[in-house]
Structures are given as C-alpha cells and as structure tokens.
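Structure first, commentary second.
Chains: A, B and C, in written order; residue numbering restarts at 1 for each.
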Amino acid sequence: MAELCGVIGIGQTRYAAKRGDLSIAGLVREAALRALEDAGLEWKDIDAIVIGKAPDMFEGVMMPELYLADALGAVGKPILRVHTAGSVGGATAIVAASLVQAKIHERVLTVSFEKQSESNAMWALSLKQPFQVHVNAGAGGYFAPHIREYIHRSKAPDNIGILVAYKDRLNALKNPYAHLQIPGVTPEQIEQSPMLWEPIRFLESCPSSDGACAMVLADERNAERSGRSVAWVRGTAMRSEPTMFAGRDEVNPRAGRDCARDLYAQAGITDPRRDFDMAEIYVPFSWFEPMWLENLGFAEEGTGWKMVESGATMLDGDMPVNCSGGVLSSNAIGASGMVRFAEAAIQVRGDAGEHQIDGARLALGHAYGGGSQFFSMWAVSSEKP
Amino acid sequence: MTEKLPDKIETIITPISLEYEYTPGTASTIFLRGMKQGRILGQRCPVSGAVYVPPRGSSPTHGVPTEGEIEVSDHGTLRSFTVVHLPIPGSEVSPPFVAAIILLDGADQTCLHVVSGCEPSEVRMGMRLRAVWKNRADWDYSFENIRYFEPSGEPDVPIESFRRESSA
Amino acid sequence: MREVAVVSFAQSAARREPARNEVEILMPVVTQAVEASGIPRHEIGFTCSGSCDYLAGQAFSFVSAVDALGAWPPIVESHVEMDAAWALYEAWAKIQCGMADSALVFGFGKSSPGEIRDVLTLQLDPYYLAPLWPDTVSLAAIQARVLLESGKASERDLAEVAARSRRDAAANPGAHQRDPSGVDELLARDYLVSPLRVHDCAPISDGAAAVVLAAGDLARKVCDRPAWIRGIDHRIEPHALGLRDLATSPSTRLAAEKAGLGSVPPEVAELHAPFTSQELILREALSLDAGVRVNPSGGALGANVVMAAGLVRIGEAARSIREGEASRALAHATSGPCLQQNLVCLLEAD
C-alpha cells in the first residue's frame, strides 16, 4: 500500500566538542547543504522538512525550528519538529519517511542536531527535579546500575566494556566526521582511564558533541531518476514503554524487543545476525553493545558479551557494529539517532570510505532514549523491496 | 576607535532566567505530607495491586489513577548501584558516593537514593538497607528528610529472587 | 489518500491548576477520549502527543506523560515539541502509510507555573531577538498596531471579537473566560500593551486535550457521524518579523489552499487566535465572510492551553460535525511569534 522510500542524499558535520565557527543555524545548514549536494538537489526541490533534536534546554532556544525556518529553506513549506528523547534522530527520520511513504510528499529533507556547547549538557540532564532526591549524576549515573545488573545476570567478564570501547575508538579513526579520535589507542589506555560511574570508565563513555546530520528521502520515481545510489527503506519501527513500573526490566526492555520484531517482520528478516551485513546501534556507554545485541536478537539472552569477545562485531567480524565509531565517538544527542540511521544507509550505498563493509546490502539503524524506554529502528538495503 | 576588535566572535553570553512554581500534584502531596511526619507513603494500582513509592498519580502500566495511602517500611533491598566519581552539579553530595536503586519493603516500584554509612567497596546487590533520617526538627515536605540509606545488618536477599515484569 | 476521521474528542476544563500535575490532568482526558472512541485502548495503532519542555520548566517533560497512557505492552508512540495539532498531522500521515488504522493524539501543558509571556520569548532568534526579551504580548501588540494602521480593522473590531468569544466561552464547559461584557464596556478598559487590552489576549490556562482518529471502515463502525479529514496542511513563514507583512497571514492562506478549502466556505471555523487581532488576520487569509460561524467554542480567548489549543480547535470543529451542527468545518492551529506557522484542517460529514 505504501509508496517506497529511499535515501538519496546524506550530509553530516564534523562532530566536535565545540563548533565555535558556526551558529546553530550554520550547523544545521552545514549538514543540510551536504545532503542536498549529495542528492544533486537544491532547496527548491524539497517539499517539506522534518527536524529533530533533544531537549531545547541544551541550546536555550524554545522550539528552535521556528528560528531555523529560514536557514533550512522551509519558508512557505511544511516543517515538523520531533522530540522523542535520545531516540529522536531515528524517530525524526521515520516521520520523514512516513511523509514519503504516505505519498504526501516526493522529496523530504530531514535534519537533526545538537549544539551542546551552547549550554552544559550534563547540567541540563542533571537539573534538580522538583520533589525528588537530587542524586541524578547525568546519563552515566542513571545507566550504570543497569549495566551492573547486566554483568551480574550474564556473568560477563569485566573487560567486555573495554573491548567495545577499543573497537569503536579504532573505528572512529577511519571516520573523518568522528569527534573523539585517539590515534594509537590501546585497551590498557581505556582500562586506566578514570572510573566515572562504576563500572563505566571515562573512555567507555560518549563525549558531548556539537553536530548535525541530514538526509534527503525520496519516493521511488525521484529516487530512481536521481542517478544516486539509493538506500531503500525496508522497514521502520518505534516502541515506547513507561520509565518506571513495578517489575520493569530495564536491562532488556520489552519495548526494544517488540520494536525489533516489528522491524524484522516488515523487512523479511528471520535471523538478524545472518541477514544484516552491519548494524549501527545506539551505544552511549560501552556495555550497551552486548545488552542491545541481546535485545535486538543478534545473540541469545546472556550471550551478547560472547559475540563481543569473539570479535564478531569488529570491522572484520561477521556482524560489524558501529563501523563509524558510534555514539562513543560522536554524540550530538539530538543527531545521534539519525547518525545511526544515516551510517546504515551510507554502508548500503557503498559510501563509507575507510569504514566501509565490503558488499554491505542490508543494514540496521537503531536508536533509544529516555530510561531505555523509547526505541526507533530502520532497516535499509541497496536492493529495492 | 582605539579598541581592537576580534576577527571572530565565537561566544556571546545571553543570560536566561525563568522562574517556575512547580505543582507536586495530588499523589506527591500525599507522599510529601508523609515525609513531614517521617512516614513513607505510596499508592496502589487498582488493577495490578502494585504499590508505587513515591507515587506519581498514575499506574504507568494501566493508565489509571493510583489509590489510597499505603505506608511502606523504611527498610529495603539494594537492587543495583553505581559508585559515582563525578560531582553532581548543584548537589552537596561529594564524590565518590553510592547511588542505588532500592526496593523498599512493601513497595513494588524501586526508587533512587544515596547509600552511605559503609565503604563503597562493601556495597553489593541484594544488600539490606535502612533509612537514616534527618533530625525530627528538620523534617520538611521533602524526600531528602531521608539523608541516605545505610546497611541494616539483615542477611542479604538472594539476587535470583528479584522479579522482572511479573507484577506488571 | 485514505479516509481518516476524528471519532472522539475530550478536554479538561481549562483553568489554572494549582493542585494537579500534568499527568493527573492528562490521564482522565485520555481515558475519556479513548472510551468515547469505542476502540479498545490496546487496539489503537499509534499514539502521538505535543508538549513543550519550556512550559514545564523541565527537560524531557513529555516522558512522564507516557505514565498516563497505560503503555504496557509497549506502544507505537511519537512526540512533537509543537502544538498537538501537528501531532495529529503526524498521526494522520502514519495512517496514510497504512502503518496504523487508528491513533490517539493528545496535547497538554500548564502555562501557570512560569511567566508564559517571558517563556515564549525563548522561541525567538537567540542571537538578535531573544536577548532583547520582547515578550509575546508586546510582539502581538506590534502586529495589532500594523493591522490597525493598515485600515483593515479598528479597535472596536477587536473588542467585538473579544465580546463574541467571551459570550461563546461562557457556554463551553471546556473554557474558563466567562466575563460576558459588551463591546463598549470592553473598549472603556485600559490598555495592557497598546493597542491590546487584557480581553484582547488569551487567558492563562492549564489543561489537556485528546482526539482519536480512525480510518475508513473502522471510523464508520465506531462512530455514527465521523468528522472526515478532507485535507490538512501546514506552512511556515520567515522568522524575522521585519521580513513579514504582519497584517496578513500568507502561510495560513497557502495551507488552506493545499488542504483544499477551495471556494466552498465552511459553516464553522475554529481559529487558533490567542489575540483578537490575529482572528481578524486569519479570517481575511481564509476569506471567511460574515456567514461563517467563527469559534463557537469561544476559541483561544476562552481557554488557551498552550500546546493543546490548536488540537482543541480540530476537536471542536469535529464536534460541530459529529453533533450535526455543521457538515463542513475548518480548524486552524498556529505556532510561533505573530502567527509564524499555521496549520489548516478541513473536516466534513459524509
């Protein structure tokens, strides 16, 4: 019933702790212009814009799409602003795809960004919540107990997080856009980095980045005549569950499992480890790689760490994960989910340069947010459905 | 014009100050009134029977109002924790400190609080805890009437007994 | 395009809510809309909401709203940091894709905890405008002045909008502006920010609203007289006020054209105009003549739940159809300073 949707243009900024050379508008334009150029299009060719970002308090601008309308060529067009916490970059791409799939628009520009240097992100995440105990030490403090429980349940050895971080930091060296690039990085260096929220070390954590990511999505006719390689959207899925409830499993949340199942059914995937050629998974702290491998069905419950330990998720493994360096290497929060979606598309378009997986045909983009409760995913392929 | 202007302006500082008066809501009002009296009060989901502490007014799994005033114990079990080595902006708690997920006896919903009164290296999952309250004279309408939780000395609860998604 | 209809609508009685928090206000409204839809909660295919962190003064404030939904087993859900009229647009698109046959849409917000006039200032360009702290009423007053100077309206016209809205709001249990003063009485009052008087401005309201959408046969099955969405579109204008003719609303006109308003006028129009002057600008942009019943609910001047007021317009327009008062109705929502962004939704009976 739905129209096909393909990614025909992708643009990213260089991610950095502070992009002092650009205003907020300049940042989103850098990504948007690169996506348009990649698609061989101009502003006038775009029918609608879908923009996403995480809390407005990161920049101190309320509903910034109003101010950004001019910079994004949106004047006289529809513009939608999505916010679904950390999963927002993915959710934004899914909303944009739905406008094409619904045959409402032919070509949609979707952008997501965060300019965290405009304020202090950890401060914004640690704001004292009224009527609650103020022990909120940023996202790491929130997720560390969940990681501890995962380690206990799965009996994973202590070094798994270090292996993930080492892999992603090596991959980041092959991605010119990555924020954290540590030439000559060693596992020992990661192990000796300061413990921030036990068991999470400094080099097992994501940085705080400025950056933006953009994609041009098109319907079948426009994708085919673009002359560009196309990443066809084979499925999109979202799921949400409450932050806290009696008996909730925060380590392996059902919303993530249900979301993956929905996605795989759409894309005809029966064995994700066999069917996908690579995956970009939202891993802000190293241990979330084995946790999400299980949640996504790449590994049986309790065995995700064995996949990591075996090297399966490395660039030359059988199921490469986060070839771009992942969220551990660049984290402009509002953009991070879209970067996962875009990096999956870049792979199946054969455009990933040094971090390309040879012959990648089917790839997963994954994002999550809130207290591991909001999930968005898509599957993209070089092959038309 | 003698002042030399910079070639590039990277930062301008625009102070933003907004004041809000928060409303705790009816469920939190029950909890905060309890705190003032040194009691920990929650509410029950009328569908599942789960007791939510602190109550937030709704049963998240059923989308219905929680009911009643259910007093729970100030003893509980540590479900998981982290040792935080970073300062919390705007907090008096100084690192390293233990932030823990605690299930109070009589409650079905965990809460977050600080564990102190022992070395961080002694803290473990399944450990039994009890609340350490401020002096009675200092009790306010605040969860922070409980300064922290400390080991109670009761035997640990087997971690295998922790339920997941059963009572939802 | 698939046929999609509004099959139910619920709202809280708007007022300042010192006792209840957002979730406590929202939960009964969602329950009421879902029950009135006749679709079991767990069969609703998609949920989408609109709200704003800066209203709540907290980051991720929408997250707690999930607690009002009974989102277990997990649900397909999304959120826009916009008025919930745009959440309805996202839900409508989702149904158009065939990814859902029904959707719950809601918006909520409390304007009373902060100074809403100042909070909305943070919507402005952070480099050139926001540091000057022009508040939202002052900007609307500049717009009203442009309108008056254009010769298209007088202060008496503004007062007539206010008097009519107050009269209608008094009959609407969802509204809370109940002062039934006449035009002359209103004109005798002092200015708040010239040329606007207090009654030219929307009240400060806390509340929530929810709508259930359903496609084709499902809508017919659960609803005797579905309010079909015949067209929906939204457009934005430049941000800088100096780039716009503030006495007109070209984005509203364009959205109406794209939504298929055409030359057949609606019988009822629910316009999201937080200021009297904005209603006059919108009426002109939509070419609504005196025969069109405007804001029978009392409009945003009767109750202005920021982030839900646009959705309320769609809900009220749909109600006029479902209750047989109209067979063709127009709903409008706005966002941003001085009507920067506008959505038009056209509803019809079978």
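Rule of thumb we're sticking to: a residue touches a chain if its C-beta (ideal position, glycine included) is under 8 Å from a C-beta of that chain, and two chains touch if they have at least 3 such contacts.
Note that this is a predicted model, so its numbers are computed, not measured.
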| item | value |
| --- | --- |
| Centre-most chain [mean C-alpha coordinates] | A |
| By count of C-beta pairs in contact, the leading pair of chains | A-C |
| Whole-Å separation of chain centres (CA-atom averages), chain A against chain B | 30 |
| Intercentroid distance (Cα basis), chain C paired with chain A, Å | 33 |
| Length of the line joining the C-alpha centres of chain B and chain C, rounded to whole Å | 37 |
| In chain C, residues with contacts to at least two other chains | 54, 64, 66-67, 69, 71-72, 119, 122, 126-127, 130 |
| Residues within chain A bordering two or more other chains | 60, 130, 242-243, 245, 254 |
| Overlap residues in chain B, where contacts from two or more other chains coincide | 14, 16, 22, 24, 28, 59-61, 168 |
| List of chain C residues in touch with chain B within their complex | 17-21, 23-24, 27, 30-31, 41, 54, 56-57, 64, 66-72, 110, 112-115, 118-119, 122, 126-127, 130-131 |
| Footprint of chain A on chain B - complex, ascending | 8, 10-11, 14, 16, 22, 24, 28, 31-32, 45, 48, 50-52, 54, 59-61, 79-86, 88-91, 93, 97, 99-101, 108-110, 112-114, 125, 142-144, 146, 159, 163-168 |
| Contacting residues of chain C [partner chain A, same complex] | 1, 47, 52-54, 58-60, 62-64, 66-67, 69, 71-82, 86, 89-90, 93-94, 96-99, 119-120, 122-127, 130, 233-240, 243, 250-251, 254, 335-337, 340-341 |
| Contact footprint of chain C on chain A as seen in their complex | 1-2, 23-24, 55-57, 59-64, 66-70, 74-85, 91, 94-95, 98-99, 101-104, 124-125, 127, 129-130, 237-243, 245, 253-255, 258-259, 370-371, 373-374 |
| For the chain B and chain C complex, residues of the former touching the latter | 12, 14, 16, 18-29, 56-65, 168 |
